[in-house]
Amino acid sequence: MNKDFLIKYLYGIADNSLILGQRLGELTGHGPTLETDIALTNISLDLFGQVRSYFQYAAQISEKEVTEDDLAFLRTEREYLNVLLVEQPNTNFAYTIGRQFLFDHFHILLMTELQKSTDDTLVAIAKKSIKEVNYHKRFSSDWVKRLGDGTEESKGKMQMAINDLWRFTDELFHTTKADEEMIKAGVGVDVKQLKDTYYKNVSEILEEATLEVPDLKYFQKGGKDGIHTEHMGFILSDMQYMQRTYPGMKW
Amino acid sequence: MSEKEIKNLEEIFEAKIARDEKIEPKDWMPEKYRKTHIRQMSQHAHSEIVGMLPEGNWITRAPSLRRKVALLAKVQDEAGHGLYLYSATETLGISRDELYDQLHSGKAKYSSIFNYPTITWADIGAIGWLVDGAAIINQVPLCSTSFGPYARAMVRVCKEESFHQRQGYEIMLTLCKGTPEQKEMAQDALNRWWWPSLMMFGPTDDESTHTEQSMKWKLKRKTNDELRQQFIDQTVPQADILGIKVPDEDLKWNEETGHYDFGKINWDEFWQVVKGHGPCNKERLQTRVDAWEGGEWVRDAAMAYAEKQADKKVKRAG
Amino acid sequence: MNKDFLIKYLYGIADNSLILGQRLGELTGHGPTLETDIALTNISLDLFGQVRSYFQYAAQISEKEVTEDDLAFLRTEREYLNVLLVEQPNTNFAYTIGRQFLFDHFHILLMTELQKSTDDTLVAIAKKSIKEVNYHKRFSSDWVKRLGDGTEESKGKMQMAINDLWRFTDELFHTTKADEEMIKAGVGVDVKQLKDTYYKNVSEILEEATLEVPDLKYFQKGGKDGIHTEHMGFILSDMQYMQRTYPGMKW
Amino acid sequence: MSEKEIKNLEEIFEAKIARDEKIEPKDWMPEKYRKTHIRQMSQHAHSEIVGMLPEGNWITRAPSLRRKVALLAKVQDEAGHGLYLYSATETLGISRDELYDQLHSGKAKYSSIFNYPTITWADIGAIGWLVDGAAIINQVPLCSTSFGPYARAMVRVCKEESFHQRQGYEIMLTLCKGTPEQKEMAQDALNRWWWPSLMMFGPTDDESTHTEQSMKWKLKRKTNDELRQQFIDQTVPQADILGIKVPDEDLKWNEETGHYDFGKINWDEFWQVVKGHGPCNKERLQTRVDAWEGGEWVRDAAMAYAEKQADKKVKRAG
């Protein structure tokens, strides 16, 4: 098996958690209630914990002398393989919740399937993550319902966020060359197979939340090939600041 | 109630405190006790919440994954402390919304230390080491204060603060063992945080009010100056281990007293910050107000949803 | 004469233009009218032009092998010596104008005096800059009047910006050790002497704009010693991004 | 006016155009001429304004002072072009506010190329080289179009665009002569911008409408496909000099035709972006709307102030 494909496959999963965790990290101390602040910080913590497991594994199998931090902080923008969804900004609480909701429902399906991987390390990470992701999914789904079926204002905001973010959902089910190789090897999950279940699950919650399920024909993509939205560069300039400014130091 | 009855209640109350028994929310308590506790406990809660901001400022820029996770967890702990402390304060018959209003209107204070900016990564280390260190010295005695909910909250808070303090010191140690640039960063952070940390113990004893009353209620066990001395005595040797210099020309060990002598604190700066004119007072308060006001529609939605759900339950039951 | 002091003196002047130019650069394409967009971009251009002159001079006299770009992009935050005023954010157009106005009135006095320096290079830069800065001053003063004496809303916003930014004005007239040395050498301007004229000029415009002159006793400082507000780190992480990510390359 | 009179005016008008004389705003013109020009000129103006955004995205991150200054100046030039073009359009009896409304409501279009993101510094080079290069080919013929204000605006625009194009190419050249990383960045930018640049010439001739009428009015002198071919023939040798590869497997020199043959353009993508579903359509339009709506109070203030000043003048005079 080609290790480069496995490493790219790991990026494809880990970078989602990394960038979403980073976005959530921006919010600490700025939330609408202390309880949501704590919950979102907790999700961020879980995601970064997962990131560390993936990157430690990637560093271990890499032929180069690299650490988890090199992989997290020292790639160029074009080398990050997260989907566009997770890099979208915290426009308001509805966008934060909407982004989380649309990601969590994918994430839980992915982790469930990843437990069947032929790669023991990935199975172990998936088993550990699945409990966390279940909690994330419950949290974000509950808030979609609260905001959707709350006040007129919150309904409008939640619907707008869902409408706006929907165009980034299709990309979750695209596969790259590395993905295809890993699927063939029994290591990776064939995300194409998760699509129907995903839209069914997400739509059920949206309906329960008295929201409309968007009917879009056009979707955005690019993240999985490292072609990001213009937000990404600014995320990275902060995230990489210390590692870039003080190269090779230990913290 | 007759004056005699009140007198009687007061005696029972004071005897209880003297016997080191806890006062609980349902117990009778003098109005002044209640008010003083609301003031101090909410100020403490507000400090946790505002204190999230200077550290939160570095979450997106933490230099390694390990440090980022630790910092997130620390700031989350502070939110948790805020939560216990607000809950404990609410047992005294004041709502969280009222407490927030007091913070946002500037009526309630929070610890002045959080009005200083975090401008390098070393500040995250220095805050853990010095600010949490000072906080622990202020707070450990509160674990056995007379008001039950406060005392219990403080037990949990102090345990976590100790962990944060060690973590902060470990950041400093890593920097001081690192490159000359990193060590310089650590020294610079010590230079900027040292004096504000000393100010965390409040004005000197001769300028401090309420001390006697607070001692009786076990809200205080030592004076500001005693606590400050304890902090200095404990911290200077730690700086020595780091190999960085406390920015005080007058600092020196006094064999006779068994304590460090130290230089004059800039009380003008202290009062300037207390009065709202520190480097970040405006920004910190504005950030909290923006978060609160910007989140109103979310809280309203949650309330409306909860009501609808309750209605549905009633209908289903009926 | 100690060259290090001269270089620090140059930083003290150039960093103001650098960081203010950077702040203005954020606005291009986002202004309330095309005309103000063009004008603010123009001011930014002038400031960066000045920055280049100062840093080319500093690089030339430096004992190290450095370029203007090394000086602009590769110092750490604590080494930038701009005043806090110029790093304040573009909260809204009134803040942008207020910041500009409060800086321009200082800048014109500084450039006027700098023409009397014993340092020929500084005299040349000052002579070139003074025309530009005069235009900046006229532009920002005119807008303070328009917003101050415009609508109720604009008056409120302009007054709030002035009130908020006023606490950063006192620092303009502080001197560092390097400043003092340069003043002694006849190279530098003794800004302490400019203070009364500055407040008189600024107050006149504010009165004409039907605005109140703030009456503050407490001021902020630190920038001249490299102790900045929390905004500065984020300005630098974007500004330095390319130079830090691709060290030693030519662009 | 009688039908005959109109007929007469039309003949004079067309003769004038045929003689290469300019139509001026005060001249009589057919309504369709006026409408077509408003549409095309405003679309052109909007493209300048929206086109500021992808490049503006790199102002704060430009890698050197020299490049930062050049980029600021370039984006400022685009604002200037927008300004001439809006003014020229206004001579046709439509206000700038109406023109903005058309942009913000999505009724008016702007060049689709600006709906692609700038994700590396090399994109700034590629935009100058390819996008400005394509724009010039589209625009040079307009310098002698029939409507005077448009033709004169275009003379100035084209001169500056040429400068921008050379500047963009020079950025690419610097990257290609730089480190392998820089050259890769340049190649990647070419990969992403090549096809969208070819789409800038619009649909193929058999799908293109209005061409005949536009030819007559000298709004067009060559067809979309002719202009596209001209661009390819001119640009491919420039890529060769840079040492980077045009991302088209089918591209090859055709000795017989004296032109490059090239591969199939993805017209689905073209129409998707035109219909508003490109990578940045939503963001670009939202940014413009936010700037406009967020600036309303400023424009109102300027108006109110101007009125007050005028009143004062009148009073002084009276």
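Just so it is clear, A, B, C and D label the chains in written order, and each chain counts residues from 1 on its own.
Everything that follows uses one rule, which is that contacts are C-beta pairs under 8 Å (C-beta built on N, C-alpha and C of every residue); 3 or more make two chains touch, one makes a residue touch a chain.
Here the structure is a predicted model, which is why all the values come from computation and not from measurement.
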item: Chain pair showing more contacts of the two, A-B and A-D; value: A-B
item: Computed distance of Cα centres, chain D from chain C, in Å; value: 35
item: Euclidean distance of C-alpha centroids - chain A vs chain C, Å; value: 41
item: Junction residues of chain D - those touching two or more other chains; value: 61
item: Chain C residues counted as touching two or more neighbouring chains; value: 233, 237-238, 241
item: Pairs of chains found to touch, sorted by chain label; value: A-B, A-C, A-D, B-C, C-D
item: Of all residues in chain D, those that touch chain C in their complex; value: 49, 52-53, 56, 59-69, 72-73, 75-76, 79-80, 82-83, 86, 121, 171, 174-175, 178-179, 181-182, 287, 290-292, 294-305, 308
item: Sites on chain B touched by chain C in the complex; value: 54, 57, 61, 117-120, 188, 192, 272, 275, 277, 279-280, 282-283
item: Residue ranges of chain C touching chain A (in the complex, touch as defined); value: 76, 233-234, 236-238, 240-241, 244-245, 247
item: Sites on chain C touched by chain D in the complex; value: 22, 25-26, 28-38, 41-42, 44-45, 48-49, 51-52, 55, 68-69, 72-73, 92-93, 145-147, 149-151, 153-154, 157, 238-239, 241-243, 246, 249-251
item: Complex interface listing, chain A residues touching chain D; value: 76-78, 164, 167, 218, 220, 222, 227-230, 232-233, 237
